[in-house]
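Mind looking over this structure? Questions follow.
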Amino acid sequence: MAEEFAVRMVDITKAFGTKAVGTKVVANKNVHLDLRKGEILSLLGENGSGKTTLMNMLSGIYFPDSGKIFVDGNEVTIASPHDAFELGIGMVHQHFKLVNVLTAAENIELGLPGKTVVDRKAIAAKIQEICDRYGFVIDPNKKVYDMSVSEKQTLEIVKTLYRGANVLILDEPTAVLTPQETERLFAVMRNMKADGKSIIIITHKLHEVLEISDRVAVLRKGEYIGDMRTADADAQKLTDMMVGRAVALNIERSEPKDTVERLRIRGLTVKDPDGITRLDHIDLDVFGGEILGIAGISGCGQKELLESIAGLQPTEEGSSIRFFPEGGESAEGEELVGLNPRSIADMGVKLAFVPEDRLGMGLVGSMDLTDNMMLKRYRQGRGIFADRRPPHTLAETVVKELEVVTPSLDTPVRRLSGGNVQKVLVGREIAMSPTVLMSAYAVRGLDINTSYTIYRLLNEQKKKGVAVIYVGEDLDVLLELCDRIAVLCGGKLNAIVDGRATTKEEVGYLMTYLKDTDGKEGQA
Amino acid sequence: MNRSHEPLVHIAKRDGLVWWKNWIIRLISVVLALIVSALFIYSISKLNPLKVYGAMWNGAFGTSKRAWVTVRDTMLLLCIGIGLAPAFKMRFWNIGAEGQILVGGCATAAVMIYCGNTMPTWLMLVVMFAASCVAGAIWGLVPAVFKAHWNTNETLFTLMMNYIAIQLTNFLVSKWESPPGSNAVGVINLNTQSGWFPAIAGKQYLLNVIIVLVLAVAMYIYLRSSKQGYEIAVVGESENTARYAGISVKKVIIRTMAISGAICGVAGFINVAGAAHTISTEVAGGRGFTAIIVAWLAQFNSFVMILIAALIIFLQKGAIQIASQFNLNDYASNVVTGIILFFILGSEFFINYSVRFRGAKNGKEAGK
Amino acid sequence: MKFLSLLQSAIVYGTIILYGAVGEILTQKSGNLNLGVPGLMSLGAVGGFIVSRAYEIVYCGANEVAPVPLLCILCALLGALLFSGLGGLLYSFLTISLRANQNVTGLTLTIFGCALANFYGSALLQQHGGVGSLSLAVTSKAFRAVIPGLETVTVFYALGWLVYISIALAIFMQWFLNRTRVGLNLRAVGESPATADAAGINVTKYKYVATCVGACISGLGGLYYFVDYVKAAWTSDGTLEALGWLAVALVIFATWKPARAIWASYLFGALSWLYFYIGGLNRSSQEIFKMLPYAVTIAVLIIVSLRRSKESQPPASLGLSYFREER
C-alpha cells in the first residue's frame, strides 16, 4: 500500500534558552503536522507562532527536544541539513543560503558528490531540464551578486529540486516578491505539484493561502491549532484559527488632548545601497499627545522610516523632515534631514528611539546596566571623564520601577531575558523625557505581562504630550493602542486610518493591496 | 538507521564563569606550559627539570643587574601592550606595533643625533618623547584613515606598514652609521650621554619603569572612566549601536589609532633613549608581535598585562640563561614564549565554552 | 645582460615567496587568515635540514656510503612537509577546534616557528663547528639540478627543478580552486561557512585539510630557500622571516588568485633586487628601494577597497571562526 503521507511530524516540542538565563522560551509545543504526497500545504500563523522553527527541524537546522518525524512512513532522525537532503527534503529559507561570488550553477552543485572536475556543461544541461519542466528561468553562469532577489529565490528552489527534493519547504517566499513575481512563483509551484512534489509554504497572508494551497495548517503561539482543506476554508475561519477567539486586549486608550504637530515628513524617499527604493515619497504628520501606529508587512519600509527620523539613514534628494519644538503653527521648524543623531540631540530635539534590534543597536550586550544607561548621555558633564553616578541612579530607578529581573546592576544586559532587556531599553529612552518616542516591534518576543507594561508606558508618554510612534506587527494591539494608524505597503504610504474606527480587515487589506493614485487597485 | 540523536560532543557558549574559575583554568594552562617548556629545556640541556626553573630564576633575577634588565624588558613589552589595548578594544587589528615602535625609535635617535648636547636633559627628553609620539601616531593614522573611510583591511595594512618602517630604519641606519662600513649606528652620544635616560636614585632603568607604569595607570583609567574610553568600547562592540548613540565611528577609529600608534612610538623612545642607546631594527625585534598577544590575552586590562608580560620576559630571560650555560643559542627564549602563548590561547576556549559529551546529560562539564 | 641577471634573481627569489603565497591562498580560501607563514616556512626549512642532514651526514657518514641524491631529495621533502604540516595542524587545532583568535594564533606560530627553526638550525651548525662548516652538498646539488639541455641557456641554468614545480603548483591550484568539486566546496567554506554547512559540506574537515596542506606548501618555500637559495648552508639571519611576510603580502597583491601569484612573485623578486641593478645607488637608497614590494601591496590593498570589485575581495569569512547555530 502506498504511503499517503510524505512527511508526518508527531508531538514535536522545541524550546530555546539556556539555564543561565533561567527562562526557556517554548517555540513549539506538542505540534503535529501531516503533509500528504502531491499537495501544497500552507503553514499559517502570525509572526512568532513557531512556523519557521517547526520547519527548521524538518530541514535539519534544529533538533527537536522531543517528538518523532516520519518520512514516507519511516521514522527518521534529521540531525543536519545533509540528512534532510538525503531524505528528499529541501527548504528555501527567508535568508537565502547562497555564496555571492559563485555562479548559479556552482551554488547548485555545492556540496554534492560527483566527479572530481566540475562538469559545467552537464550541470547547465540538468539545470535547463529542471527549468523547462517547471517553467523557471535561470542563467547558470550568472554570479549571485548580480542577481535580483527574485532570481536568488528561483535559484534556491532549483537548487533543492536539483538535489532531488520531493518535499519543498518555502519560508515566506512572497515577502520579497513583486505581484508579477509572486504569480510566476505560484505557477511554478502548481507545476511542481503536478509533477508529484509535496510543498509546504509558510505564510501569514490569507489570500495567498486561499489561492495556492490544497490544505492549510495553523499554528498559534507555538501550538498546533488544526488543519483543514482550503476548499472548506475562508478568510474568517482562518483568521479565527490564527488569532484565536476575537481577542479583546483591553489596552487602555485615552482621547488625545492638546495635540500639537511635532514632525512634518514630506517626500521622504530612501534607497538602499543596492539602489532599491525602500521608502517612496512618504508624507506624514506626527502629533504630540497621540500614538501613531505604523502597520505593514515586515520589510515594507518601517525600519527606514524610523531610522530616517533618527538621523541614521541617508535619504534621497527632496526628502524633508521638519521638527517643531513649539508645535506646527508657530514656527518654521527645524530640518532634521542631513543631520546625524548627535547633531539632532545637540539641537535640543529629545528623540527617543527603541529600535527593533535591541542588543545590536539599542544596547551594548556586553556592558552592564549602568553603562547602557549612559549610552546617549555619556557626554554630559564637563571634563574628559564620564560621570557614572547619574546613570547608576537611573539604572536603579529603572530596575525598581519597571521590575527588571537582574542579578545586579553590573550584569551584562546580554545575560538578561528578552523582556528585561526591553524594559532596560524602554526605561532608558523614556527617562530622557522625550518629545518624540519611536518604537519598533516593542513587544516582540515578550510575555503578556511585560507587553502590558510597555503599553502602559507608551500611554503615559502620550498623556504627557509626547509624540509616540509605534511600529507593530500585531494588528490587535495596533487597533487598541493607536489613535491613528499609517499603513505602509511596499515602501509607500497606503493610507492613514483612525485607530478607533477602522477594523482589522481594513488594515490587513491596506497592508497587502496598494491603492493606486489614479483610483485603480493593484496588489503588492 | 541507527544514528544517535545528539552529536558526540556538545559545545555551548558559557554565559560567563565565576572569576576564580577563569583564573584556575588560566593557572592550569600556565602550569602545563611550564611543564612543556621544562621538557623542551630538558631535551636540550639534560638538566633535571626541577632544577631548570631554578636556573631560569637565576637567569632572570640572579643578580641585581639581571633583575633590572628583566624589569626593564617587562616594562617595554608592557608599554607596547598598553599602546595596543585601545585599538584592540575597538576591534581594530593593529598588527603594526612593530613599525610604530621603529618610527618612534627613529625619531628619538634623530633627536639624539641632530640635537645632542644642545639642550638640557629634561628638555631633550621632552622633545624626544614628543617626536616619538608624533612619528608613531602618523604610522597608526595612515591605516586608520583608510579603514574609517573605505574599510580597507587594517590587519594587512598595518602588517605592511611594519616593513615600510623596517626599511626606513635600515635606510637611517646606513645614513647614520658609525663607524662607516659597520652597517650599524653604534652607541649614540657615547661620551656625552646626551639624551640618555638619567639614572634616578642610582637606578639606571627606574625612569623606564616610571614612564611605563604611569602610562599603564593612565590607560587603565582612560579605557575605564573617560568618555573617549566609553566610545571605544561601544564602537568595538557594535558600530550600529555607536551610530545610534550619536558616536562618530570614523572619528573614534582615527583618534584611537593615533593614540595607539603614539604609545607604541613612545615604546621606541623608551628603548632607544632608555636602554639600547642606538637604533636598529632590533629596537622592535618582534616585541610588537609578542605584545599583540599580551594585550589580547589580558583582554586589554593594564594590570593583567603586567602579569603576562612579566611571565613571558621571565621565561625568555631564563631560557637565554640556560642556553648560554649550555652553549646554545638565544632562540630558545622565543620557543618557550611560543609554548606558553599557545597554552594560554588554548585555555581561553575552556573559559568561554563548556564541553559536554554525549551521555553526560545532566550538564556535567568536561572542562579542563 | 643586466636584465637577464635581474630576471634570474627575481625568479629565484620569487619562487620562495610563490610557495609561501600559494599555500597561504589555499589556507585563506578556507577562511583562515594564517599569519604564521614566516613560521611555517622556517619550519619547512629546518625540517628539510634536520632530516636530510640525518641521512646525508649522520647515516651516510657513519656507514661510509655515498649519499643517494634521490634519497636526499625524499628526506628533505619529508622533513619539510612534516614540520610545516605539524605547524599547520597546531594552528588548525587552536583556531578551528578551540576557536582561538586567528591573528593571535598565527602570530604566535610565527614567533614559535621561526624560533624553533633557528634554534635547531643554529644548534646543529654549532655541533659541527659553526657557520660554514656544515653544508649538505649532495642534497643541495640534487635540488639544484637543472633540466637537461638547459645547462648553458641563460637564466635557466640557474633554476632548480623546484622552480618549475612551484609554477605547476600555482597553475594546478588555480585549476583546483575554480574547476574541481573540492575546490568549489572549499571556496564556499571560506565565503560563507553557514551556507556550506547547510549544503552538507563538512566545514571543519575542509578547514583543517586546507590549512594543513596550505602549511605544507608554504613549508616547501622554506625548503627551497634552504636547499637552493642558501645552498643548504643554514643561516639564521632573519631573511626567511622577511620573505614569509612578503608571501602574505603577495596573497593580497595577487588578489587571492594563484596563477596571478606567479608573475606577481617574480615582480616582487625583481622589486626586491632592483636596487642591485640600478647604477649609482648607495646603500641607503637601496634600503628605500626594498620598500617597493610592500608599498605596492599597500597600494593594491587600497585600490581593492576603493573599487569594491566583487571579484578581488578577500574570502568573506576570512579571519572568523565558524560554529553552527547557537541559540
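First chain written, first letter: the chains are A, B and C, and each begins at residue 1.
By definition in this document, a contact is a pair of C-beta atoms (placed from the backbone, for glycine too) under 8 Å apart; a residue touches a chain by one contact, two chains touch by 3 or more.
Quick caveat: nothing in here was measured; it's all calculated off a predicted structure.
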Query raised in the report: With chain centres set to the mean of the C-alpha atoms, which chain is at the far end from chain C?
Result: A
Requested in this report: Consider the two chain pairs B-C and A-C; indicate the one with the greater count of contacting C-beta pairs.
Outcome: B-C
Requested in this report: Provide the C-alpha centroid distance between chain A and chain B, rounded to the nearest whole angstrom.
Outcome: 46
Query raised in the report: If you average the CA atoms of chain A and of chain C, how far apart do the two points sit, in angstrom?
Result: 48
Query raised in the report: chain B to chain C: how many Å between their CA centres?
Result: 27
Report summary line: Residues of chain A that touch at least two other chains are none
Requested in this report: Mark out which residues of chain B touch at least two other chains, giving numbers and ranges.
Outcome: 12
Query raised in the report: Which part of chain B faces chain C closely enough to touch in the complex?
Result: 11-13, 44, 93, 95, 146, 150-153, 155-157, 159-164, 166-168, 170-172, 174-175, 183, 286, 289-290, 292-293, 296-297, 327-329, 331-335, 337-339, 341-342, 345-346, 348-349, 352-353
Report summary line: So, in the complex, the side of chain C touching chain B is made of residues 33, 35, 90, 94, 98-101, 103-105, 107-116, 118-119, 122-123, 126, 236, 242, 245-246, 248-249, 252, 282-285, 287-288, 290-291, 294-295, 297-298, 301-302, 305-306, 314, 319, 323, 326
Requested in this report: Would you pull the chain A residues touching chain B in the complex into a rising list?
Outcome: 18-21, 63, 76-77, 79, 310, 312, 340-342, 344-345, 353, 355, 357, 360-367, 371, 374-376, 378-379, 384-386, 388, 412, 415
Query raised in the report: What part of chain B is in contact with chain A in the complex they form?
Result: 1, 3, 5-7, 12, 14-16, 225-231, 233-234, 237-238, 240-241, 243-248, 363
Query raised in the report: Inside the complex, what are the residues of chain C that reach chain A?
Result: 179-182, 184-185, 187-188, 191-192, 194-201, 310-311, 313, 316, 325, 327
